[in-house]
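Residue numbering begins at 1 within each chain, and the chains themselves are lettered A, B and C in the order written.
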Amino acid sequence: MRALRSPQRGSTTSPAFRVPRRAAIAITACALLATAACSSSGTGSSAAGTPLPSQASTAAAGSSPSSNAASPAVSSAAASAAPKVEVISAGKLSVAVQSDQFPFDFIQNGKEVGFSIDLMNEIAKRLELTPSYTTVSLDALLAGVPAKQYDIGAVGLSIKPDRQKVMAFSEPYYYGYYGIIAKKSAGITADSDFAGKTIALVSGSAQDTYAQQHYPKAKIKRFDSQPPAIVALEGGQVDAFFVGGPDTIKYLQQYSDLTLVSSIQTSTPNGFPMSLDAPGLVSAVNSALEAMYADGTYTTIYKKWFTEPLPPTLVKEHPVLANGAS
Amino acid sequence: MPTGLHNFFHTFFDLHQIANVMPDLLRDGLLNTLMISAAAIICGTTIGIVLATLLVSRRWYLRAPARVYVDIFRGLPIIVTVMMVGLGLPIAGLHFFGRNSYPYAVFALALVSGAYMSEIFRSGIQSVDRGQMEAARSLGLSYLGAMRLVIVPQGVRRVLPALTNQFVAMVKDSSLVYLLGLLASQRELFSIAKDTTFETGNLSALTAAGLVYLAITIPLTHAVNALDRRMREGGAVRLATTAGAPLQLLGAQEGR
Amino acid sequence: MTVSLETSTQIPAVAVVGLWKKFGEHTVLKGVDLQVERGRTVCLIGASGSGKSTLLRCMNMLEAPTSGSVFLDGLDITGRGVDIDAVRSHVGMVFQQFNLFPHMTVLRNITLALRKVRGMAAGQAEEVARARLADVGLSEYVKHRPGQLSGGQQQRVAIARALAMEPKVMLFDEPTSALDPELVKGVLDIMRQLAARDMTMIVVTHEMGFAREVADHVAFLDQGILVEQGPPSAVFGAPRSERLQAFLSQVL
């Protein structure tokens, strides 16, 4: 049986054919669901082995299939073996964003833009869902996604073990880097261990930990936030500023007398957070990402936001990226 | 103990946490806080006295700029002033104090505190009896000389207790130096406490710092009061008057 | 501009010419003329508000006249370009409220001007101060604070303070009016001795007995006008003007 689809643009089925067939299946599915619901005690027929009940519960939930596979035979097998894509409301992907994280997700001209946003829009398209964005604080996001107030978060969020206890993550889609920026006129090179130099950084940041371990001979000047630190750099009060990679992009744009002295790859990956109760969604998102790596979509989006080469660790994990890397 | 109270004590009065952070506070933070506070108090008092003298001047071109200064530095949030001085001066190319955050912070705090204290000193100076100025001028002292030697010393002594607030404020505002960036050796009380709260997720370090601040400000208040008492006692005690005491004649020589 | 107050017997020590003084709308002095010969003691008497204190204060420019001039040994101190601080260092003033400096010891009250105005060295200034304190009979109070002294003692210190500067003229503004009656005599005795030493003194006072006995010249002011002046025998014994007669009948 052909995999069920909700009406989407780009669908190849003619409307006239689709509607009556859909109605018939829907009626049957409701009847079966009622029977299944009465007889099962748990949350649903998630362990169903036959196509019909799994499709029935899918139909009742109003979600779309997890794969765009074309051939009916493959799709039915895929539909029966593939997990459902669990979203809160049919046809929509509810995305939580922070809207203030350059370049991952931020507001430009009143619209939600960014690297994560572009990826998310592409993923939603491949999942045949309409993304809708809600701006929240980081705390609200970290609480709301596991609680299924939102389907997914589109922020540059590090995958950390203590976070993984309460929420699911997509596979890593980005590995960050730290950058050290300094005035061009200062003549600081990447080779130096910054002995005797004064480096500004934000107290308690990831860069703080890194610098303490790797630059013991440098003088670390700790600031409470980034703005005073960058001004101190411009004013000559410090020799260099050690900050997250994406932020260096922002500062290099704002100040023409600065240069990136060194960039350090981190091993902390970024992933999209989702609820632990939505394994189908997780799997679907991962498949979408894999497809995007393969067909070059990811690389195109990446190059739109970053001048740095693709994160080496990511390329190692997905060798297919290396093909479109230049 | 009710749950709410228990939570409160656990968050703010975890004795284990307080004991853990206290050595750092006392060893590193205390001295730094005292340094900044003392310097800011001294500089601020000086600025305050100078400003007060300008505020009481008869010449409008001395009074008006002083008034503007006081209005601005009393009205701006101290954070803004600290940033403008500590980051703004270097950006403008004026590296008065090199790269060290401390002198800039002290300067900014003194500018602000001087504005507040100038009003206190002004009222003190104006409360000095006119006769004092008249007597000083009658002896031939210049206006400035009379101010410096006779009026201001009296005016300052009178308002000493009222300055205590400013002194205490300086001690607490010394923590604002963190805005300008701190080297590891420069951590003062508040920044040590703040860093510890990030590490532990518990706020008891702030309580610990608070206790050390009290250990500075309470004795400071008592010291100011003691100083004030001592200066009052110097003049107030009246000995028994001797109305008919024999007088020596003017000029030891007789028959002139 | 250097000040030289020449001590000549011909030029009056103090000469007030056509002195007018207004405070806002209120005219306190209305064209006063007065001359004080060197070495003489002049007492200014009159009712409260008669302007006598204002007249005295114009003599060392504590009040600036609205019009008219004040001459000290021939120098017009109301003119432009006069170094009034230097002038004042040669004119001693004693106030009704003593005006000692409460934050300093008695000794420092006296040495302050010697050191800061005359430029004397500390040791020399102390010597002079102790001598003047001895003159007023208060040697043992060098280290005391003014607050520890009686009113009479404070006034005597104030006189010593003024005398230490070796003034050419001494001005007294009701020096005993703030004193308890039993302390008045002590201060008047000092002033008597000063007068006997031929200090040029101008005294605003209500002490008619003193004026009678000590003054060489008495001037009576009434509502800003110098109504009558003359030797004490004339002013007290044979007052010519009605206003003076009325005033005397009230105070004596």
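By our rule, a residue touches a chain if its C-beta (ideal position, glycine included) is under 8 Å from a C-beta of that chain, and two chains touch if they have at least 3 such contacts.
No experiment lies behind these values; they were computed from the predicted model shown.
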Draw the chains as dots and join the ones that touch; what shape do you get: line, ring, star, complete or other?
-> line
Chain with minimal offset from the mean of all protein Cα atoms | B
With chain centres set to the mean of the C-alpha atoms, which chain is at the far end from chain A?
-> C
Count the C-beta pairs in contact for B-C and for A-B, then report the pair with the higher count.
-> B-C
Report the inter-chain centroid distance for chain A and chain C in whole angstrom, where each centroid is the mean of the CA atoms.
-> 94
Between chain B and chain C, centroid-to-centroid distance (C-alpha), Å = 43
Separation of mean Cα positions, chain B and chain A [Å, integer] | 53
Do you know which chain C residues sit against two or more other chains?
-> none
Of chain A, residues touching chain B in the complex | 198, 200, 203-204, 219-224, 228-229, 231-232, 234-238
Would you pull the chain B residues touching chain C in the complex into a rising list?
-> 129, 131-132, 134-142, 145, 149-150, 153-154, 157, 231, 234-239, 241-252, 256
Which positions of chain C touch chain B when the two form their complex?
-> 60, 62, 85-86, 88-93, 95, 97, 99-103, 112-113, 116-117, 134-137, 139, 144-153, 158, 161-162, 165, 180, 182-183, 186, 189-190, 193-194, 197
Contact set on chain B toward chain A in their complex = 83, 87, 89-92, 95, 99, 101, 178-184, 191, 195, 198
